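Chain nomenclature is as follows: A, B, C, D and E, assigned in order of appearance, with residue numbering initiated at 1 for each chain independently.
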């Protein structure tokens, strides 16, 4: 694939991810508002937030590692977006499989952890220790789901999976239980309400984000958009057959993100050990049962 | 052990006068040096175990402080308030009194509070130091001879608050017709002893408002 | 050694700057993060403003927990001397452009505690205040009105300069510091180094320095961040 | 005199030289030069690592009708190059300022240098062994050499753990001796080929016995699950860079012998047909490996001493290597073998950083450190690269070998093993973050205000190792040919590789592309960060949000103790030293018997026993004589 | 050739002369013992060369074999007699106060020479008794037992009871053999083994074995070992543990090889050996005192030797001999060293700081005992296990398992002790008694021999192998002593 196509992919994939991600954030806040019988934010609110944060005149930083942490967080997700195949642009995505992608998703959390560590604020450290424990909790079912999918489609590259699903039925039809387990894991991955212990505003002052001001906070908001986008598109391409064109992919991705969001805003927060206990019990059991069928 | 009636116990203390007695309230006046014995007696003999508060009243006229100890009994559901008078003292030798911390642990906070607000030092109380007003190092503020308003006038640069929007309002005749002081003195009803005075003041206030309304048209 | 100080408002030269600045100030007006520091009784009015009946989020305003992330500092109710120290610390920890809204008349001129020895009477003596919402606990409509007023100020800050009161804290730091020292005594200091910040973002004017800042330098050892050094 | 003899002679001469001059000052210069020389000789022998023929040594002793000879195959060359590089790094680290401080604190510096060269000598001897007897002798030498290294540190606990190690090692050696005897007794020859032939002729029960004995011997050295209790404390207590060397390569000798004996000669067929009841040998070993990745990692999570934490990780990562090898397919075994080199590189680097922190602050207790990143930035950089490698995240080499192991588990359809491996990786990520957070991030303590960066003599080896970690991660193709030739020499399917990574039908890995994308992402992130946002002001650590509280230096505003409370609350219960109970039970059985026998010796009337015996004998005799005569 | 009788006669004669000589010149009495031993050594050397690879028989008093006393000389017996002379010379108590001790030592060496050389059963019994009496004398004469009602007297009394009971059992065994076969000459017995095959024969062998076992520290009867070695001077315990126990073993082995070739006998030895190993190791593991640990470790090693001898044929003898020599060197050396470092383990903390040389020598002995590769101990243990494996049969596998288990326990308790040696010295560790004692130099000599033998492992082992081949076959033995008689029904 020639250099021009490569350059296009390198630039547009993250950009699309950012825009779609912002729309997903908007959808999330709209759902939250609607559930609380509120009107919710105007259409461009996520954009306003991010521009305002980047437009702040003064920011504080606790050292070089604090900056590098945010760069790693945003950069890691940009890398992950490039590895995530999108209709029409999957040149580079062929290079790394789904295992590489799941590792790419761990780099931003490690980067953010380093940055927050340097902020020398115990609220941040407690937040990070809870975030990593939550990651431990939701990654087991997520990996099981990935294993089941990779085993079922007989290949680890996402493009192969999408082609397989285009020909046969969708993943969700062939592996219903695995899809449900995937949703459960997705709920944990997005870090929203029931499993949101590490950004607990009341107890640890929004955990990791306690010392983030201005463009640092902006970086985390951008990361959140990427997070929603990746989760949506990954789940769609694993189970819902990933769209041949954007028109088919985006509604699936939005639906996938909308489902956990609407569940999220009706739940209080779980304690850290309950997060582990729940995420290691139900989704793992579901996944194992469905694996028993597939293997 | 049979229940000893409370009066009998109270009368044991010399220099005591039961001024007011109801089923749930007993007010006792006792002189300064026999108060601890009273407290010990009612705590030991008559199940008055809960010291709910120590309050202090500044009788500046007779140069005395009045300390009131409110002790509650769970069994008899009755509160004894022991009133006593101590000398107010002056700048040179501040007021002093004995602490009841050994009888009732909560006394520590009440005494510390009174020390901060009135300047009465309780001998034997564990922590005689600042309690809430950590930033304040002036005269104990609850003393009657401390004039808060004067202090405020002196420390805070009091500037009249007449912002521009008020200026226009008053220009077009609006604004307050009656000065705050007048209202305060005129409409100030709570220290009026009789109904009649109160009605008269209310009428004056009503008249003042009509005048203001008049301007409005 | 008085350093030659620059003029207050720095002119932006390239033409694109205006378009860019307008867009940023538009976004700033549309998205505000609010930190309500419940010093007094006014705080009870804010939950109704945020929830379904009045829904502050329509205006793009979100409650935030820490001063670092917040744009608006809502001081709700009387400010005792003790609390004022923490309020000033929180204010200095906030990142500009930052706005202060004084709710309840106690922040305006002392309110019903005007003759108390323990409360600060006028909030704007200690920090620049953008909008006052008077009322002995203003109703949510009034709070929404005040917030809307603030958004308008920010929106057309270029014309009426009503939205950049925060610069005043840097420009006339000596005046504010004087008032603070008058209240808390001469050895009053906060961890944030305002003078260094003013230098860094070149917001300093003649009035930034004065008698009180000299007093500050006498006994405050500025907290210099540890630099990362190889050897 | 073949080239291999030259190598042996050079190593032996350096042993003599260092032992003679160990108390003099010039040993600081001499040791690195000697290791460098050995390294150069190994590099000149590198033809064996690119598919060349085996190096045979002309020396062949025949003692008491046993013939012993030595050879260097691709497998031994691969392990030898790791050993010598690790030794060179720790020698350079040791002979600099760290050595001077160790001497001042009364440590026996000369003996430490001697122990290192003895270790290297015995490891090269073991790696070069040509038949079972020389393998056994090399094996004993290695055990005793690492015992010598462990026993040097002055603390009482170190000596106690060293003794516990030597008892474990002796049990392993005895098991190996019995296995060798079983092979010898079939047709009186100790050649390696014999293992294969003998194995086929044996009855299934003795086959099982043979494999179990071999496995026990090698598992003890490698610290696999049932026998892992000795390794962590012993390695953690070894003085300074010695721990780095031992942690990196000493327990991997077990891996060398597993590959040499079990994989090469007994092979997949042998393992598959063996087995207890329903589970065949291969799944049994795979499950031992999987449990070894999980349990030590979660013990490491609870440690609050940095060296102990790293040592427990050494045990955990051993499980990955076995998990990879036991799959017997091209990518799995390549993953297992490559993980040996990867782990050696970043484990040594991490140990050295912890020693460097101890050199400057005097403690490695995670609850007494914090905020050193501004004082020791380069050490932080090395530790960062090390933990990214240990956690197995993309740009570093740990990711490549872990990816290979996962890929083979995926291809072979082992969901539970896959989950176990992932559980191990996640546990590692959690505990390495705890390591770097408690030492380098967070609030800097008052007493560490004027801590400076460690001198260059310690920085150079650390940076060198971290460069290795990055280079082999970025371009795994550099070491994949070595692994391919090892696979070929051992009889495993060879892995298809190119400079960037692995070609594989159902989804390969190209590290140059993956790292390229990652760095592109970081570049764009940096661009966004530095150009879109405004200037940021650097603030002091006390200028921090504390709910309106004024931070002062007397109140320590730092969170490091009990770092993962939720997780510990959940899994804390399982770790009441379940394996320690196993060890204590064996000790109590032995002491029970010893008390029993001691009572016999203290019996008051031995004579009475004798007389009864005599009477019985007489009676039996009389009855018999009466009959017989 | 018959000058070799002097080996026994001279020490006997010296034993009685010394008290007389001591009357008028104590210095002379001091030297007579060593002089006699040197003469014996010369005799042994000359006999060694003369005998070459064959063997000789001396018929005392001209009586023909079945009746008279017969001495059988071959490399095996000459080797051990040489060792006796050497060991007694090394252990000679130069500083003994009265001459009684010297004569007792002379008596002991005479009995030992007799035990090794004689070829008939009754003669063996006589020398065995003489040896027992000499040992009691020396133990009683040792300085510690001078102290009234000290533990030493109790220990030697208990030793007296056990060995006398042992002698009774030995005598009983010989009586049974005599009733069954009518002769006591071993060669003659060798020709009539069929009559000894039954249960009676086996019980005879058992009685002899247990009888002689007392001296050879066999399992059921070795409870005296710890107490006696604990109380007598270190040199004497080196002699007893190192050498005297070996002579008793030779007596049992001579009976086993020549007369009782039954499998049951081998199994008996094997079982007893295993029990000895296990009990020795286990109790040594708990020992808190160095001497007690060494004595139980010597019990274990002797158990190992019994296991080695339970391998039939010349291989068993070969390995047994190698084990015996190795044990003599190591245990002898350790006991000699113990002279300087006795006492409770706890008190020996930080010894390595005081005298690194002693610690190093101790390490050499211990490593060879454990069987660590470069040292000869390893090769012997390897051969032992290889041959045991070749025997096949369940019992031998159990034997292998016990040996390996024993080695592991041995490592545990020895290195617990080494750890104490290399620990930092603290308050209560005793300073080393600096007075220079000869036994420590001999210990270093033994260590040197051990290290040197490390280099010549194969020549020594080949030499031992052909000695074993020569003396393990009954045919040569019988032809030499009873040239006239055919082999009878020996198949």
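In this section, a residue touches a chain if its C-beta (ideal position, glycine included) is under 8 Å from a C-beta of that chain, and two chains touch if they have at least 3 such contacts.
None of these values were measured; they are calculated from a predicted model.
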Chains contacting each of chain A and chain C, listed by label: D
Lowest number of touching-chain links that must be crossed from chain C to chain E: 2
Those chains which touch chain E and also touch chain B: none
Label of the chain whose CA centroid is most distant from the centroid of chain D: B
Leader among chain pairs (count of C-beta contacts): A-D
Farthest chain relative to chain C (centres taken as mean CA coordinates): E
Length of the line joining the C-alpha centres of chain A and chain B, rounded to whole Å: 61
Between chain A and chain E, centroid-to-centroid distance (C-alpha), Å: 80
Separation of mean Cα positions, chain D and chain B [Å, integer]: 76
Chain D-chain E separation of Cα centroids, rounded to whole Å: 46
Shared interface positions of chain A, touching two or more other chains: 55-60, 62-63, 205, 210-211, 214
Contacting chain pairs - touch in the sense defined above: A-C, A-D, B-C, C-D, D-E
In the complex, chain E residues that touch chain D: 158, 161-162, 165-166, 168-169, 172, 176, 179, 198-200, 203, 206-207, 210, 220-221, 223-224, 226, 278-279, 282-283, 285-286, 370, 372-374, 378-379, 382-383, 385-386, 389-390, 400, 404-405, 407-409, 411-412, 415-416, 419, 422-424, 457-458, 461
Footprint of chain E on chain D - complex, ascending: 63-64, 136-137, 140-141, 144, 151, 154, 156, 159-160, 162-163, 166-167, 170-171, 174-175, 177-178, 181-182, 184-185, 590-591, 593-598, 600-603, 606-607, 609-611, 613-614, 617-618, 620-621, 624-625, 628
Sites on chain D touched by chain C in the complex: 373-375, 377-378, 444, 452-453, 535, 537-545, 548-551
Complex contact set, residues of chain C against chain D: 66-68, 85-87, 89-90, 93, 190-193, 196-197, 200-201, 223-231
Footprint of chain A on chain C - complex, ascending: 23-24, 27-28, 30-32, 51-52, 55, 57-58, 60, 62, 64-66, 68-69, 71, 95-97, 197, 200-201, 225-226, 228
